[in-house]
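Shared chain: subunit A. Partners: subunit B in the first complex, subunit C in the second.
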Partner chain A sequence: MSAREAYLRWRYRLFPDHVVGEILSKNWIDNAIPFMFLAIAVAVFSLIIPNFLTIGSLGTMGELLAEYLFVAIGMTLVLKAGGIDLSVGSVFALCNFCALYLVNALGMPLIVVIPAILALGGLVGAINGFLVGFLRLRAFLTTLVTLILVRAIVELLSLNFGVNASYSETPVPQWDYLGAAQILGMPLSLVVAAVVALLTHVLMTRMRFGWHLSAVGGSRRSAYNIGLPVKWIVAQTYILSGVFTAAGALFYASRLGSIGGSVGVGLEIVILTAAVLGGNSLGGGRGSVAKAIIGTVIVVMVTNALVRMGLRTGASDLVLGLILLVAVAIDVKWMKNRLKVLNRAYVSPTYFALPACPPTAEGSGSPYEVNNKLATAQPIGKGELDGPEDIILDEDDNLYCGSRHGDVIRFFAPDYKKHEVYVHIGGHPLGMAFNQDRELVVCVGGMGLYKVTKDRKPVKLSDETNRSLFSIIDDSRMRLADDLDIAPDGRIFFSEATIRYEIHDWVLDALESRGNGRIICYDPRDGSSRTILPKLQFPNGITMAGDGESFLFAETWGCRISRYWFNGPRKGQTEVVIPDLPGYPDNINKASDGTFWCAILGMRSPTFDLAQRMPQFRRRMVYRVASDEWMYPNMNSGCVFKFDLDGKVLDVLWDRDGIKHPSITSIREHKGRLFLGGLFNDRIGVYDIPGADPEWTGIRHYWGGKTGE
Partner chain B sequence: MKSGRDAILSLNQEQMVIAISAVLFVLFSILLDGFFRISNLLSLLQSVSILGILAIGMAVVVIGRGIDLTMVAVMVFSTGWSFTLFAGGMQVEVALLLGLLLAVAFGAINGFLIAYVEIPAIFATLAMATVISGLGRFALVSSENIFISGDVGWFASLGAGAIAAVPMPVLLFLVISCIAFVALRLTRYGAFVYAIGDNPLASRNSGMPIRPMTVLMYSLASLVAFCAGLIMAMTVSSVNTKLASSTMVYDIILVVVIGGIGLAGGKGSIRNVISGTVLIGLLLNGLTIMNVDYSAQNIIKSLILLLAIIVDSLLNPRDEQTAQQGDI
Partner chain C sequence: MSNVFSRMFDRFRGSGSAAITLPPMDGAMRPNTRIDEAEEVAAVMAPDNLAEGADGILLSSGARLLSLGPSKKTDTVWTASSDIACLAAHPPGTLAAGLDEGRLVIRGGAHDGRAFTKLGDLPIMCPTALAFADDNTLIVCLGSRDHRMSDWKVDLMTHGASGSVWKIDLASGASTCMAQGLAFPYGVLATENGDIVVSESWRHRLLRISPDGRVEVVIDELPGYPARLARAGEDGDFWLSIFAPRTQLVEFVLREDEYRRRMVETIDPEYWIAPSLHHPDSYLEPMQGGSLKQLGELKPWAPSRSLGIVVRLDGNGHSVESLHSRANGVRHGVTSCLPTGDGLLMTCKGGDVVVRAEI
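Right, the complex of A and B next:
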């Protein structure tokens, strides 16, 4: 091994590149950027402003934060459904003025004032909602116009009634309490805001209305087509926004009691900055209360810091505007390119050197020498099947296989001309086995481990396992359960080929050549599943070795077959049986003479073997070349070979022309005949094995004679 | 078959605006004292011509399916900066050149944000208006009202002069209108603006440089804003930066929308701007003579704008084929 290869091997072993793609594919990544921004802002301001994080300054910030938070949550609701509400600045001022007028000039009790003001905010919101939702006007321009309209109304009101509203003859203790009360050291307004935030969060994520908002914001036309009342939903967001703004204004009014002309001026920009900075998208579909909170905290902190730095007027506008522009720019670019970046960053190849490939050419004298024995194989269900990955036969010689359409299909003995859908499971059935009760146990790609009861009902056995400690993607979920076998004690050992790709992308896993797969043990006694062998290179076929304490498994991209002891004195040990196959092994199954059959779904090629040793090349390929042009392993010639526990190859069967069985994923010996299945094939092949035991069946070998016999 | 409703709609918006203007003119002449006087009409024209010039810049952007909310901020702070520099002793030509460059730079930034960063136009310019006002008050001008003292040379005639009793601002409005008309109707770039406004994706696919064109459009709007600001400064001998936080920018949109330039883009011409300007000018003058106070005027204007937007959205419905997700 050259120094360069040694370097590559260590570099890819030590630096887990795949983590980048996995982090990018997380939903919380949207919140990570604003959160980092928050952390940086806190750090910078605490450094340059003395006493920035003292109790007193936090208290002032808390009151402002609470008032802004109400408005920002309302804005988030509107943004989520794809709108925007710029009128909040004026609605805030209007509600502030009216609240003070009701309390100071008319002396009304709070029990009247609070609902009245909330209703006033809702009324202005309803006007916006009618114009934008029902008349389908442009949200931005329309709410801008209501902004100036309501602002003009406030000016007119304060011109005529301002004197009466500005102070009260008799003090109103409840009103003052609203503005000054503290609960556990926090302003009352902040406590109420927190409760409202929590309730809105539940509304948005756990209730029907919130889901409708996401639907409308994500794709308005689709939401309409599935029958949602889109116009009404949009209108409701504006009403809610108005009510929330009124709530903020109530606390503001009770705290400051100011009717100055500058109340609420520019508030819409501040709130918009907060909402977008937190990661709520303009244009809808993406938004949450948490995002609104993060954004509001940042904005309040920045404005507070700017005030305390004592800069000239205009500085705060300048900074807020710049933050808004940067936040929107990031939002627009992120939304546009997220999937593109993710697609490129997700595939992360590593270094892997295969042992030398044994020769297969005719006349080479190798045990894998090409022949044409499978030319005599007869087809079953030719042209009617689509992807019979695995096959199995029951005690009455009926044949079962999977199909890409999510069915298990049964062919009837003895001639296998007629077939029926045995059961519809939904996912692509892969590996199959019969358990002691003669029920079919199936690995279903994308779904997990299932069994089919005698009365043809699919029953889920397992679709999750223990989550490993430092995994970033959720590896408790099963993405690609592949093949299984059942130990004499009833435990089911099954392979999950990869935890990083869904079933339709399984071949991408070949580009990584990292150990992404694992073997899981399902225990029927307590229904639990545990990962017993992690980090395998696409583990595929599994079969019991026959001693009751070990099984054999094939690693497809690793081109090797290994043996694992789950019981007995060597429990927990793994031993490689065949380290250097000439192709990519798939399922392994028992032969009648106590040895094993293994299917090879494609042959190795020198170019792909070389590419496996050049991860940087494969990475470049993924980055620069369209995915249709990527180099994948060969899947166009298949063979079957027979081997024993010592790794000695006893027999090999080839389809030389590669027309009948271009790639073989499974084999099943039954009464002297070998049945051949293929993931991409349109048929099952039947090959008569010369000299094989004509009475031997797998199911009897495993579980003895027929029950009741 | 043509129903009555179709017949009304087939009367295009420009003709309707001219008809309404004529009716208003007659009504005001009869009902309002002091309306139908040469001096009042001249001052009406003069006061509205600034608005008209700004509306020409806005019209170019709106035809190209954009909107520019920074125009007033650009106008006051670029000219304000020029005259602050002039007051500081700089030669007037140099100071004005610097102001002009600043205005064009603001426009180019707007265009860049919209064309290259792909921020929705209305959002980008709203945020930029805040940024420009903030920057202006923070760094460009020292007081809210900048008085122009000293000799500004021939520039003074831009605001104060008159040819054949027609005030200079009105003439300049007509000159700029002619230039814009020629540029939009008779040049390749004008055709590009209409095409981009009509269907940005199709124009891109047919090879038009829509991104550079967008930058050009917003730069031109800012250039026009600077010219308007200069004329206004020469007329009143001062620059009032408070205008930046007023509702003047909505008056400009009002003129454009009332005139009949659809906000969906690709439609309208300079003629619409002139008819819109006349109508709004009449209205504002009438309201002022009737002694309606400023806030009430704002309420009336915004109600009219709201009505105009509703009518606009009925006449020029948004095209679902070319509207984009996030086009708010």
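Right, the complex of A and C next:
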């Protein structure tokens, strides 16, 4: 191995590239850019402004932050449903004035003032909501008009009642408490804002209303088509925005008691900047409370810093405006290119060197030497099947196989001419086995482990396992359950080929060549599933070794067959049985003489083997070349071979010209005949095995004679 | 310097020189099954170059020169000392043949028995195509200085560009070089006005070379690797055989230096990711995604490293009509064609058959 290859091997072993793509595929990655911006801002300001991060300074910022936060959360709700609320500035001013008037001029108690002001905010929001939601006016123009109208009302009110509102004859201690109280060193307003933020977060992520918001913002038409009350949902967001703005105004009023004409002027720009800077999309559908918080913190910090740096008011607005512009630009570009970036980063091939490929050519004397024995195979269901990956026969010799349409199909013995849909499960039924109760247990690609009861009802056994400790993508859900076998004690061991791709993207897993798969044990006694062997290279076929303590499993891209002990003195150990197959193994099953059959679904080609050792080459290929033109493992040719536990190859069956069975994914011996399945084929093949036990059946071998016999 | 940066940028983006975009086969080049449906004239092992001799059609197959008789029969006219790489005939009965061993021989006519192993100072390595300009003048294409005709894949995959075109005065034996530094000239046609048209295979284009040495591109960006040319009639049209299609994967590998180097060093050329003359016949050959057999069938539009393509071009190099054998056919690797009175004869070198299609 050259130095370069040694370097590649270690580089890919030590630096897990796939993590980058997995992180990018997370939803919270939208928050990463604003968060970085925040970190940079904190660093810069604390460097250039002395005492920027002292307690006193944080306290002042905290009060402002809390008031803005209320408004920003309201804005987030509106943005998420695809709208915009520009009226927040004057609603804020209106609520501020009215609160002061109620308290100072009318001397009302807080128990009346607070609900009244919240209701007032909600009322203005309801007007917006009615106009935008129900009359379907443009949100931008409508709320702009509300902004101006409400501002005019505030002007009129302060002209007529300003004097009364500005000053109270008798002090109102509760009111002052609202503005000045501290809890654990934090302003009361900030504590309340935090609680509201938490509740809104729960509302948006865990409750129906939040999902409805996403639906409406993501695609209004689709939301309407699935029956959501779109108009009402949109209207609600404006009402909530009004209420939240009023809450912010209440704290502001109690803190400053100011009825000056500048209250709330320009607030809409500040809040919009905060919301968009945090990563809430102006286009709707994407947004969260966390984003609103990050954005608001940045904005408050920047304004605060600008003030302390001595910039004039106008300059501060200028800076905020510029930040808004940049944030909007990033928002647009990010939304447009996000999936592109993700697609580029997700596929991450790794270094993998296969052992030398054993020869297969005719006349080579190899145990895998090409022959044409399968030319005599007779077809079952030719042209009627679509993707029978695995096949199994029951005690009455009826034959079961899966199909791409999500059915399990039953062919009736003895001639297998007639067939019926035994059960429709969905997904793509792959590996099959009978359990002790003679129920069919099926691995369903895309769904998990299922069983079919005697009265033909599919029952889910398992579709999740324990999440591994450092996984970034959620690996508890099963993506591609592939093949299974059942231990004498009833435990079901099944393989999950890959945790990174869905079934239709299997080739990407081949191009990655990483150990993305695992073997899971389902225990019917307590219904639990545990991953027992992680990081396997597309684990595929599984079959019991016959000693009650171990099973054999095939790793397709690894071109090897291994044995794992789940019981007995060697429990937990793995041993490679055949390390260097000439092709990609699929299912393994029992042969009547105590040995094993293994299907090879495709053959290794020298160019693909070479590419496996050059991860960067494969990565570039995935990005540059159209997917139909990618180099694939050669799956237009396969074979079946027989081996024993020592790894000795005993027999091999080829379809030399690849006409009947270009790729073979499974084999099942039954009464002296070998049944052949193929994931991409349109038939099942039957091959008469010379000299095989004509009475042997798998189901009797596993579970004994018929029940009752 | 900017060149280095722009190349690096191209490599990063997959644009410019790193782009593997291929010209589409549409318009007159739209795929059909005319070669697959063509009438079989003779089943011959690796038929290669067709020529119209004095008394019938001649073609080369390995080291044998065959004459095409009626009723699918072929007669061996001559067996050369090594594979016949190219062939040209002139009506008065002169036949020129280029041999893989690096020799050019003239049979019949006024110059019978003349042989060349050098043109100028250049030893003949890879004669690929011949054409008579007149009784006395032979145009010769030499594909490469470094590789024999049988090693054409190596020349392509190592970015060979050492081909040349020569004019030989048969009377005196003097030869002049008309163009050099070509990337595998693989076909030549002499026109009435003294110009010659040459197909430059690895650069997927046709060149027109005038007697004064001026080189002009007739057509660029062909969707495959052009091989030999044949005159279509009196109106200046000509037939072009395209022996293999370009594919994205091959174009990509041609830009991947390390992979290509290791592939060339360690793998049998038969199993390379490279254009091929024939339909895949071993599972050791590379397979591409779209070629995965679904329900036992290979789709005709599957990506394929080999196809059968013959195109008729007008005098300006615009394609007028085309004949195809698609990915699910086997009549691939058409290296030469010859219009006759009752159709277009084509040699499918990869399909081991000579066929005649109606035109």
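The definition used in the following text is that the second predicted complex is superposed on the first by the 690 of 709 C-alpha atoms of A that agree within 3 Å, B and C clash if a C-alpha of one lies under 4 Å from a C-alpha of the other, contacts with A are read in each partner's own complex, and residues count from 1 in each chain.
The working rule: contacts are C-beta pairs under 8 Å (C-beta built on N, C-alpha and C of every residue); 3 or more make two chains touch, one makes a residue touch a chain.
Values in this document were obtained by computation on a predicted structure and should not be read as measured data.
Looking at the shared chain after the overlay, A:Val172 reaches neither subunit B nor subunit C. Using the contact criterion defined above for the overlaid structures, shared-chain residue A:Gly284 touches subunit B, although it does not reach subunit C. Touching more residues of subunit A than its counterpart among subunit B and subunit C is B. When the two complexes are overlaid on their common chain A, residue A:Leu135 makes contact with subunit B while staying clear of subunit C.
Applying the stated contact rule after C-alpha superposition, one finds that A:Glu155 touches subunit B and leaves subunit C untouched. Of the two partner chains placed by superposition, only subunit B is touched by A:Ile269; subunit C is not. In the superposition on chain A, A:Gly321 makes contact with subunit B only, while subunit C stays out of contact range.
Those residues of subunit A that touch subunit B in the shared complex are 82-84, 131, 135-142, 144-146, 148-149, 151-153, 155-156, 159, 219, 221, 265-266, 269, 281-284, 311-322, 324-325, 328-329, 332-333, 336. By the touch rule above, subunit A contacts subunit C in their complex via residues 383, 386, 507, 602-603, 605-608, 610-611, 614, 617, 620-621, 623-637, 658-660, 662-663, 680-683. Those residues of subunit B that touch subunit A in the complex are listed here as 67, 113, 117-120, 122-124, 126-131, 133-139, 245, 247, 250, 253, 263, 293-296, 298-299, 302-303, 305-306, 309-310, 313, 318, 320, 325-328.
Interface residues of subunit C facing subunit A in the complex, by the touch rule stated above, are 14, 18, 20, 247-249, 252, 256, 258-259, 262-263, 266-268, 271-273, 280, 283-296, 298, 302-303.
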